[in-house]
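The structures considered in this document are given below.
In what comes next, chain A is part of two complexes: it sits with chain B in the first one and with chain C in the second one.
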Partner chain A sequence: MAKVDVRKHVLVPKHVKLSEKEKEEVLKAYSATIENFPRILKKDPALEGLNVKYGDLIRIERKSPTAGKTVFYRTVVLS
Partner chain B sequence: MRLWKGDVEKMVSDALKELQGILPESIYQSMAESLPEKLSESKAALVAKKLVAEYNEMKVEPGESVGLVAAESIGEPGTQMTLDTFHFAGVSEMNVTMGLPRIIEILDGRKKLITPMMEIYLKKPYSEGQDIKKVALMIKETCLQDIVTEFSINVADSRIEAQLDLLRMRELGISDVTLIKALKASVPSIVVDVKGSTLFMKAKAKESGVSDVFKLKEKAKEAYVKGVRGVTQVLPVRKNDEYVILTFGSNIKKVLQLPFVDETRTTTNDVFEIESTLGVEAARQAIIDEVYKVIETQGLNVDIRHLMLVADVMCANGKVKGITRYGVVSEKASVLARASFETPIKHIINASLYGEVDNLSSVVENVMLNQPIPVGTGITKLISKNK
Partner chain C sequence: MPDAEEPYVYKKVSTVVFGVLSPKLIRKIAAAKIVTPELYDKEGYPVDGGLMDVRLGVIDPGLRCKTCGSKLKECTGHFGYIALARPVIHISFVSVILTLLRYTCRECSRVLLPAAKIEQYADRLKRLGKDKGSDVMRKKLKDIINALRSGSRCPHCKAKQKKIVIEKPTTFFEDERRISPIELRSRLEKITDADVELFGLNPAAVRPEWIVITVLPIPPVTMRPSITLETGERSEDDLTHKLGDIVRINQRLFENINAGAPEIIVEDLWDLLQYHITTFFDNEVAQLPPARHRSGQPLKTLTERIKSKEGRIRHNLTGKRTNFSARTVISPDPLLELNEVGMPDIMAMKLTVPERVTEWNINYLKEFVRRGPKAYPGANYVVRPDGRKKRLTEETIEASIEELQPGYIVERHVMDGDIAVFNRQPSLHRMSMMCHKVRVLPFKTLRLNPAVCFPYNADFDGDEMNLHIPQTEEARAEAELLMIVDTQMISPRYGLSVIGCIQDAISGNYLLTKNGFSMSRQDAVNLLASAGIADSSKLPKKDVVAGKEIFSALLPDDFSFAGRSKSREEPEVVIKDGKLVSGVMDKNNLGEGSGLLLRNLHKKYGRHFALDVLGKVFKLGVAVLMKRGFTTAVSDTDLPPEARLQIQNVFERAEKEVAGLISHYNSGQLEALPGRTLKETLELKILEVLNRARDETGKIVAMNVEASHTIVMAISGARGTPLNLAQMAGCVGQQALRGRRIENGYYGRTLSCFRKGDLSAESRGFIKNSFKSGLRPAEFFFQSIVGRDALMDTALRTPKSGYLYRRLANALQDLKVEYDNTVRDSGGRIVQFSYGEDSLDVSKSEGGVLNVKRAVNEALEG
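Here is the complex of A and B:
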C-alpha cells in the first residue's frame, strides 16, 4: 500500500529541524538548556524525512486561533 | 490605498525597533483590517505604540496560576453538561459519546473509547457522490458471517458447510477466489473450497472431534474478508457540498492508505490513533478540537486558551498522557505533590524505598508544609548585594 505523507495532513503543523547555530540562539533567547524544552519522540511520524538525532531542537509553527501563528520548540528524545 | 499586513508590520517595527516581532500575527492582521485607509506614518506609529502597550497590559503576569484558572474554567461548565449520548437521526446503532463522559475520556487519555469514530473525506470524483455506496462498503469491515446465510456442521465428514449470499457478495465485490484467499489468511488452520453457492470448510488437522469443528465454526464466523478492520458501521452523509463518510469504529492508519480517501483531511476521534499515525503535535491539536467540539455543542463557552494549556501539558513528553495518576501526575518531580493527588501511601512508601528527595519547589508541597507558595508575589525572591 502507498505510503502516506502525514506532513500534508491538516492536523500536522510544520516541523523544522534547527541547525546547531539556530539552536544555540534559541537556547540563549530562553536562557534554557535543551532538557527544559518539551519533547518529541525520534520515531514521531511528523519527523519523517527530517533526519533527526537525539538532542536536536525542532521548531514547530502552529496555527493558533488566538495568535494566528505561534512558534513552539520541542527537543528530540529517543523514548 | 489599503494597508497590508506587511506595511503595518513595517510601521510597527519602524516605530518600535526594539519591540520587533513581539506582537502575534493575528494582531497585525486585525490592525491592518481596522485601520482607516488614509493614515500618515507618524499616526500609524502612534497607533502601533498604543497597541503594544495594550498588548503588554493584557499579558498574563508572571506567577499567575494559569493551570488553576484553566482547571476552574473547564470544571465549572462541566457541572452543567449532559450525561447523555447523542444519537444519529435514522441510524439507531450509531450514537456518539458527548458531554461530560467524552471530556473525561479525552482528558484521562483513555485508550479504549466508548464510541470510536472517523470522518472520512474523499477525493474527487467520489466526494461529489460518485459510487458513494460502493466506496462506503469498501471501507466497512466484512466478516464471513455477513455474507453467509446459514452455517451448518456436517458431523459425518467433520466439516462446516456455509450457504453464501451471492447477491450480497456481488454487491461487495467479493469473488470466490478473493474469499478463499482472505479466509486462508485470517484462519490459517483451515481448508476452504467453494462449490456453487456453498462454502466448505475443514480443519487442516487430520483428527478433529465435533467440538473442534464447532470451535472452528465460531472462529470462521468472525473471519475477516474485506474492508478496513475495526470499522463496523459506515454512513455517507452530505456536508457542505460534498460527501463525507462517517464511520463507527476507527482505524485511521489503514483508511489513510486507501486510494480514494483524502489523506489530508480525514480524521478520527481517537487521540491515540492520531498520535501514532500523525505525531504528537497532531494529537495536541486533536485534543483541543475534540474537547472544544463537545463544549461548543453543549452551548457552553470556554476560552480555547485553557484547552490549549491542558493539551500542551498532556503532550509535553512526546507522548499523550492523561491527567491521571498514571499519566501527567506520575511525572511530577515532587513526592508530596504526587502523594497529594491520589493513592498517597503508595507514593510515600515508594519514595522512601528509593530515598527520593523533595526540593519543595512547587505549590502543593509548600501548602502541605505551611510555607509561602511560589505563585504570584511568592515567586519573587530577594537577593542581597554584598558591599
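Here is the complex of A and C:
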C-alpha cells in the first residue's frame, strides 16, 4: 500500500521548524522557558522531513474559528 | 513562574517519608509512662501515671499543661507510652509481616533470592517502587521469587523452609506450630537493611521489627477529652475506655508472668492484650467481634475516626459547614428590585451582622440591645473587647446596655439594605452565587425577582436556595463590589445579558408596544407610576398616548438602537433619541441571552442603569397585564368550521399519498434511495409526507386562530411555541421514537387492534387528533411511548452530563489569562498563546463579536 503523506492532508496544519535565533526570540516574547511550551513528539508524522531534534521549537499555523489564522508553538520531545 | 528564584520561599518540602515509630522514638517523645488503668483519685484529680495524667495535656479551661506550660487550646497535648509485657502485632501491617516471613529464610533471614539475582533485580525493583509504589514493588518481588524458587531450600544457607500460614486476624503458623510474636520479632530483627529495601520499605523509617509493638504510644488527652454530664458525672471518650482495657490487661499480664503463672494463663492474657490493641487501632476487623460499650454500641476507635463518610476526612475536612447562612424555599416577587432578596422576618431575627460600637453610634446601637433578641430590629449577642460573647436575654439586657461602650461589638439583626450572598446549587457558573441586598419581609420564603431566575436556573416548584451574611467589612465590600447582581449582568460566556424579562413581563411589553395600543394619558401616568416612574414628563402632552410612547418613557433621551424582533408585522426595531419608533418589544429584545438592546444599554449607561431600566421594564410589563387583563382559555384554540374542513382535506390527501407509497412498495415500483433499503426508503418517504401534513395543519391553525392571548404568548416568545398551539388546535402529528415511526411491539404490528403488516399512518403512531379534540386509545398509547422515552432520556442524561461538566470545570479551574494574553496553568505552562486565539474578552464584546464600525464612529465623533 502506498504510504500516505499526512503533511499534505487538508486537516494537518503547516509545521515549520524555527532556527535557534527565531526560537530565542519566541522564548523571549513569551518570557517563558522551553519547558513551559506545549509539546510534540519527535516521531509525530507531521514533523517528517523537518529533521528535528529534542528541544527544537515548531511553529504551527492553523485556521481558527475565532481569529481566522493563528500561530501555535510546540517544543519537540522524545517521549 | 518561569526561571525566577522565588525569594519568599525559604523552606520547601522536598519529600514526605511515611514510617513506623520505633520503640526508642516512642519512649523519647513520650511525656509520661502510663502504669495504672485508674483515671482519677478520690478527690477527682488525675492519677499520676494514669490515662488522664496531667502531663499528657490540658482539657480543663484555666489549667496549664504540666509538660509545656501552655493553656487549653495552645497546648496540642503530649504522647505517653506503656511498655507491653509481651509484644503484640500491629493489625494494619499483618500483610507486610506475612510477606516478610514467607520470602525470607527461617534460619538466616535472607531474602529467598540467590545473591546474583538480588544484584540483577535490585535496581529494577527500586525503580518500580518509585513509579508505582511499594505495594506493586512487593508484588513484583514475590513474583520473581516464586518464579525462581526451586525446592524449598534457602539459596543462601540451604536451610529447609516451612510453610507459613496466617489464621486471621493476627495469628501466624509455621507447619501447624504457632509463631509467637516474640519469635516473629526476632526473625524480623535479623533481616538485613539491604533486604528490607527490596521489600519496598525504607529501613531508616521502617525496621520490620518495629511493626511488632513492644511499646505502645498513648495519645494525648486532647484527642480523647472527657465530657462532664449535667449530673456532674464524667463520661470518658471511647479511646480512653479502650486504653484502660489495654493498661489493665497489660498490668495483669505483668503480674502473672512475675508470679510464674502457668503458660496457659499467660497465653490467654497475651491473646486478650492482642485483641484489645487490635481493636484500639481498628474496631471493624473481620473475624473479630468489635469491642463494645456496656450499652452494646461498638466503640469508635482510631480507624473509625478517620474512615468513611462520617470520618475526619470526609466529614470535617472536606465537608465544612457555614455559620450565618440560611436556606428555605424560594418564591417570586416582581416588586423587589433585581438586586434585592426578600428575607423572612424570622430569619432576619436569627441571622446577625456584627457592628462595632463607636462614640458616634453608641446610642443607635443601644436601642438594638434594648429591643433584645425578641423584638425586631434587635440584637442577639454583645461581644466584649476581650472576645467574650454574651447572649442577650431578658435578664441580661439591662446590664448589657449599661456595660456597652466603644470597642464592644453588637451582633444586631439583619436589616433592609444589608449585604447577602445568594446561591442556588448546583453552582455551575459564577452567576450561581450573586450578592443581593436584603429586604426583610413577612412570611416564610426567600423571595427574588423572577428576572434573576435564569442565572440561578431557579423556578418556584419547590426549589430551595441558600443565603449567606458576610461578617466583616472587607467581606461585605468585596461581595458588593464584585458579586452584586449588576456586575453579573453580562455573561462571560456569550457577552449578552443573562438577566432579562420572562413570562408575563414579555407578553405585557409586547402588547404595550404593539401598533394600535393606546390609552388615556391619565391611565398611562398610573401605569408608569406602578412601574416605578414618578416623572411622567417624558410622555407626550396628548390626551391619548400610544403604547410605544409609554415604553419610551423608560429610555434615556440620547439612546438610539436598531435591532430585530420576532414579530412578522414589525420586524425592525428602531429606537431613535430615546423614542421607540417602530418594532415591538418581545423576547428577542428583552429576554435573557438574546438581542443587543440590553447589551447596548449596559455598554452606554453602565450596569447600574441598565439593571434599573430592566427592572422598570419588567414592572411595566406586569402592570400592563394587570391593567388590561390577561388569561388563556381552551376557546383560544377554537377553529372556524372552514379551517377544520381544510385540515381534514390535508389529512385525506396525506393518507392517499401514504397509501400510494405503500402500494408502490408492495408492487415493487418504489425506487430505493442511495444507501437505503427499500423499506427504509418507504419509511422515510412516509415520514416526510406526514410531517408535511402536520406542518400544513400548523399553518392553517396559525392563520385561523383568532388573535388570542395564547397566540400573544407564542408570538412574543413569553411561553409556548406555535407548534404547541397547533398540537392543541390542529393535530398532534407523528410520534417518532429514535427518529423512526413506532415499530412493531407485537408480531407484525404495533398493537393488536391493527392488521398484521399494516404500514398505514394511524397504525404507526400518527396522531390525527388534537389535544383538544382528544386522542383515540391507540393514539394515546403511542403518545405515552414517546413521552416515557423522553422522560427516561432526560432522567438518565442529566447526571451524566453534569458529571462531565464537573470534570471539565475541575480540569480547567486554575487556568488563567496572563497580562501578555497567554493562557497558562498554575505551573506557568502555556495552554494558549493568545486567549481564545483572538484575545477577545467575551464579556466586553457584544454576543462574542466586537462592533468595530461603531467603535470607530464613536471615536470619530469624540
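Definition applied: the second predicted complex is superposed on the first by the 79 of 79 C-alpha atoms of A that agree within 3 Å, B and C clash if a C-alpha of one lies under 4 Å from a C-alpha of the other, contacts with A are read in each partner's own complex, and residues count from 1 in each chain.
One rule holds in what follows: a contact is a pair of C-beta atoms (placed from the backbone, for glycine too) under 8 Å apart; a residue touches a chain by one contact, two chains touch by 3 or more.
Just so we're clear, the structure is a prediction, and the values are computed from it rather than from any experiment.
*Asks:* Once chain A of both complexes is superposed, is A:A32 in touch with chain B (first), chain C (second), both, or neither?
*Replies:* The answer is second: A:A32 touches chain C but not chain B.
*Asks:* Let me test your reading of the model: by the given contact rule, A:I40 touches which partner, first (chain B), second (chain C), both or neither?
*Replies:* The first partner, chain B, only.
*Asks:* Could you let me know whether more residues of chain A are touched by chain B or by chain C?
*Replies:* Partner with more touched residues of chain A: B.
*Asks:* Which partner chains sit in contact with A:V77 here, chain B, chain C, both or neither? Use first/second/both/neither.
*Replies:* After superposing on A, A:V77 lies in contact with chain B but is clear of chain C.
*Asks:* Is A:A67 touching anything from chain B or chain C once the two structures are fitted on A? First, second, both or neither.
*Replies:* In the superposition, A:A67 contacts both chain B and chain C.
*Asks:* Once chain A of both complexes is superposed, is A:V12 in touch with chain B (first), chain C (second), both, or neither?
*Replies:* A:V12: touches chain B, not chain C.
*Asks:* Please report the chain A residues shared by its interface with chain B and its interface with chain C.
*Replies:* The overlap between the chain B and chain C interfaces on chain A comprises residues 38, 64, 66-67, 70.
*Asks:* Could you pull out which chain A residues touch chain C in their complex?
*Replies:* Those in contact with chain C are residues 30-33, 35-38, 64, 66-67, 70-73.
*Asks:* Show which residues of chain B lie in contact with chain A when the two form their complex.
*Replies:* Residues 24-29, 256-257, 259, 263-265, 267, 274, 276-282, 285-286, 304-305, 308, 312, 315-319.
*Asks:* Quick one: which bits of chain C touch chain A in the complex? Just the residue numbers, please.
*Replies:* Within the complex, chain C contacts chain A at residues 2-3, 820, 822, 824, 827-831, 833-834, 836-838, 840.
*Asks:* Write out the stretch or stretches of chain A touching chain B in their complex.
*Replies:* By the definition above, chain A touches chain B via 1-2, 4-6, 8-13, 15, 38-41, 44-47, 60, 62, 64-70, 74, 77.
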